[in-house]
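You will see two complexes here that share chain A, one where it goes with chain B and one where it goes with chain C.
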Partner chain A sequence: MTTTAVTVGMAEIHVTKGVGIFTCPGLGSCIGVCAIDPITNVAGCAKIMLPESFPDKQVDKPAKFANTGIPELIGMMERLGAERTRIAIAIAGGAQVFRFGSDCATSKHDIGSRNVKAVTDALNRYGLEPMANDVGGSNGRTITFTVETGIVTVRTAISTEKALANLRDLTGNEDV
Partner chain B sequence: MMAMGNVSLGLVELSAIREMANAGLAHATKSLSEFTGHKFNVDVPYAQSVALTRIPMLLGDGEQIYVGIYLPVKGEVEGHIAFLLPWESAQLLWKMVMGRAPRTPAEVDEDAASAMLEVGNIFNGSFLEAISDIAKFGFSTTQPVLAIDSCSVILAAIVSEASQGDADSMAIDTEFFDDEHTTSGIFLFLPTVSGLRSLFSALGISKAA
Partner chain C sequence: MSGTLTLDDIVAKTTDLPAIPAAAIAVMRETDLSTSTARSVAEHLSCDQALSSRVLRLANSAYYGMSRQVTDLQESVVLLGMRSVRNLAVIAATYTWMQRPMNGYALEPSSMWKHSFGVSIAAQLIAKKSKSCDPDLAFTAGLLHNLGKVAMNIWLDRKLAAVISLAQRDQLAFDEVERKILGYDHAEVGAHLAEIWNLPESLVVAIRYHHRPNDADPTSPVTDCVHLGDFLTMSMGYGLGGDGLYYNFCPEVFTRLGIESSAIDEITDQFMDAYSKYDSLIEEMTAA
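Let's turn to the complex of A and B:
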C-alpha cells in the first residue's frame, strides 16, 4: 500500500483511515493539530488560523477558527470510526512571528498565544488534552505526522527536525 | 467580471487599481533609491481577488529565510502592507544603509532591526502617500513590525492578521529589485473589502466591490 503525503494548508483539515503522512508547513501564529485514534487508525490534521469565529460573519472554513475547527476535526474523525475518548493529540505553532518593532511588546500582534489558548480550551471541551505541545516563541514551525508510526516531528527554519510525540505510545494511559 | 466572495471586480476597476498601484510604487521605489543610494525598480503590479488563505501559495510558500516588514493601515482606506526580502537581499540592503550586515538571522540586533524597519517604513509610507494623493483620502499607519523566518511563515502570519477582518481581499503585489538585480523582494498591499470600497469611491468608481 502506498503511503500518501498530504500537505495541510491554512484553514484546512485532512483526515485518513490507515496510512498517510501529514505535513503542516508555515506554522507561524497558526496551530497545527495532529490527532489519532490508535485503535481504529483514524487520524487527522488541522491548521487553525484564528482563535474564534466572528459572531457577525459566516464561517467560510470551519478550520480557520479554533472554536469551529476542533469540533470539525473531531466530527470528521468520528465519522471515519474514531472513538472520541481514545483520540491522542499533539499541537505545535502559536509563535509570535513579528518580534521586532515597538508594537511587538504590546498585545497587538499576539494571535499566536491567543490561538494556543483557544485550541487548548476547545480540546478541553471534548475532555481532550494535548499529550505533547511545542508552542509559542518567535520561530515558525513545520510539523510532520506519520500516521503509521504515530510520530510527530517539528522543525523550524533554523533548526533541525526533532521528535515531538509518538501519538501511538499509550504509556501512562490507564485504558490500555 | 471576476468575483470571489465579497470582492467583485471588472476590468475598469482592475485597471484603475493597477494604475494607482503603479503610481504608488513609482514613488516608493524613488524613495527607496534615495534612502539607499542605489537605483531600485519595480515590476508592473498584479492585482487579483483572492481568498486570503491562498496568498502564501501564490506569493511564496518556500522555506527560504526572508525578512518581512508588516504594517496594518488604518484610516479611510484600511488594509495591510508588507515588504519581504530574501535573507541575502536583506543583507545587501543592510550594507547599503548601515555599511554592515548581520551574518545570520540570530545576529539581527535592535539596531539592524530598526534600520530595516525604517527601510520598510520609507517604502510602504511612500506608496501610501502617493495613492492617498491620487485618491484624496486620509490614512494613518501603525508602527511596522519585523519578522525573520521562512517566506511561508511570514506570509501566513500576515494572512492571519488580515483574516481577522475578511476572508477575501484584493492582493496587489509586485517584485522590486535594484539595477544590478542583486537585491530583490516582494511588495504586498491587501486593502480590506471596506478599504477597497472606499478606494473605489475615492477614485470615482462607485459601482464596484
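Let's turn to the complex of A and C:
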C-alpha cells in the first residue's frame, strides 16, 4: 500500500482511510487538528484559521473557522466510516505575539488563545477532548501526523521534532 | 555575546547585502509624480534589462490573466496600470535576495519572501480600509520592512538559540534583545540601508519603527499599517523563523488608523482572501 503524503494548507481539511501522512506547516495562531478512529483507520487533519464564522458572511471554506471546521472534519470522517465516540484528537498551534502592549493578553487581539478555546469548545460539543496538545507560546510550529502509526510530532524553527501523541494508544500514553 | 559591532560595522562587514536596482527606485519616484505617463515609467524601467525582463515575466503570470503574451514595457503599463507595474518593479527588485535561506533567523528558503509579501498585501489592505495613506506606499513598505534581517543574519548565525533563551529569560521581545545586545535592531539596520538607497523618508520611518510604531515622532500611518500587517502575517504563520512571534503588538494602531479593534478577525479573513488570490504570482516567483 502506498503512503500518501499530504500538506494541509490554510483552511483545509483532508481525510483518509488506511494510511497517509499529514503535514500541517506554518502554524502561527492557527490550530492544526489531527484526528483518528483507530478501529476503522479513518483519519483527518484540519488547519483552523479563526475562532468563529461571521453571521453576515457565507462560509466559503468551513475549515477557516473552529465552529464550522470541527463539524466538517467530524462529518467527513464519519462519512468514511469513523465512529464519533472513538475519535482521538491532538491539537497544536495557537501561538500569539509576545506582548500586547498595554492591553491584556486575553484581549480580542489574541487570535491564538481564542482559537485554542474555540477548537476545544467545538470538540466538546461532540463529546471529544484533545488527548494531547501543544499550544500557546510565541513559536511557529509544524505538525506531522502519520496515520499508520498514529504518531503526531511537532517541531518549531529552532527545535527538533518531538513526539506529541500516539493517537492509536487509547491509554493516552504519549511515549511514542 | 557582547555588543562590539556598530551599526556601520554590520553594514560594512556584510558583503552580501541586498541591493535595490536604481531603475526600481526611479520607477517608484516617477509613479509618485502627477506628470508620469506610461511612456515615462517604461523608460525608467527599460534602463535595467534584467529588471525589465522580470517585470514582464510577472506581468505575464496567470495572476493577471492576459489574453496574450505582453512583451512591451509601455504596453504592460497601459494594460496593468501604473501602480501595478510600480509594485511589480519593487517585487522584481527584491525577490531574488528575499528567497535565500537565512540561518541567523532560521528562515528556510522563500520564508523571508513569503512573510514580506504577506505584510505588503496586509498593509495595502489596511491602508485601503483606513484610507490613512497611499496603499501602494504601504505595499512597498511591507515588502521592505525586514530588509535589515539580511545584514543581521550574518551576525546572528549560530547565536539564534542564545538570543531566544535570553528573550525567554528576561521576558523581552526579539527586537528588544537585539537592541540590548547590540544597541540596535534589524529594523534600525533596515532603515540605515534604506537611507543608503535614498528611499523616501516615509519608507525609512516605516522600516525603522515597524515593531514600535508608537515611538515614531510623529506617528506615521504607513508604519501603523505595516505594524498591523506584520501582526496579521505572523499570526497566520507566513514565513516564520526562529524569532517566531516574539514581538510586541501595539493596539494603539487601531485607534490611529480609525479601525475598530473588534474587526480584527474580519480583517484577517479579508487578508487571507487577498493573499490567496496571489497564489499564481507567488508560484511564479518562488519557482524562479
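Quick notes
Basically, the second predicted complex is superposed on the first by the 159 of 176 C-alpha atoms of A that agree within 3 Å, B and C clash if a C-alpha of one lies under 4 Å from a C-alpha of the other, contacts with A are read in each partner's own complex, and residues count from 1 in each chain.
Just so we're on the same page, contacts are C-beta pairs under 8 Å (C-beta built on N, C-alpha and C of every residue); 3 or more make two chains touch, one makes a residue touch a chain.
Model, not experiment: these values are computed from the prediction.
In the superposition on chain A, A:T23 makes contact with neither chain B nor chain C. In the superposition on chain A, A:A11 contacts both chain B and chain C. Legend: residue contacts after superposition of the two complexes on their common chain; A:T40 is shown touching neither chain B nor chain C. With both structures placed on the common chain, the touch criterion links A:S113 to neither chain B nor chain C. Contact with both chain B and chain C is seen for A:F98 once the two complexes are overlaid on the shared chain.
When the two structures are aligned on the shared chain, A:E52 is found in touch with chain C, with no touch to chain B. Where the contact sets of chain A with chain B and with chain C meet, they give residues 10-11, 25-30, 49-50, 57, 64, 95, 97-103, 108-109, 111, 138-140, 156-158.
On the chain C side of its complex with chain A, the touching residues are 106-108, 160-161, 164, 167, 173-174, 214, 231, 234-242, 244-252, 261-262, 264-266, 268-269, 272, 276. On the side of chain A, the complex with chain B involves touching residues 9-11, 25-30, 49-50, 57, 60-61, 64, 95, 97-104, 108-109, 111, 138-142, 156-158.
Looking at the complex, you find that chain B touches chain A at residues 5, 51, 53, 56-57, 61, 63, 65, 68, 70, 105-106, 108, 110, 113-114, 116-117, 142-150, 152-157, 159-161, 163-164, 167. Chain A meets chain C in the complex at residues 10-11, 25-30, 49-52, 54, 57, 64, 93, 95-103, 107-109, 111-112, 138-140, 156-158.
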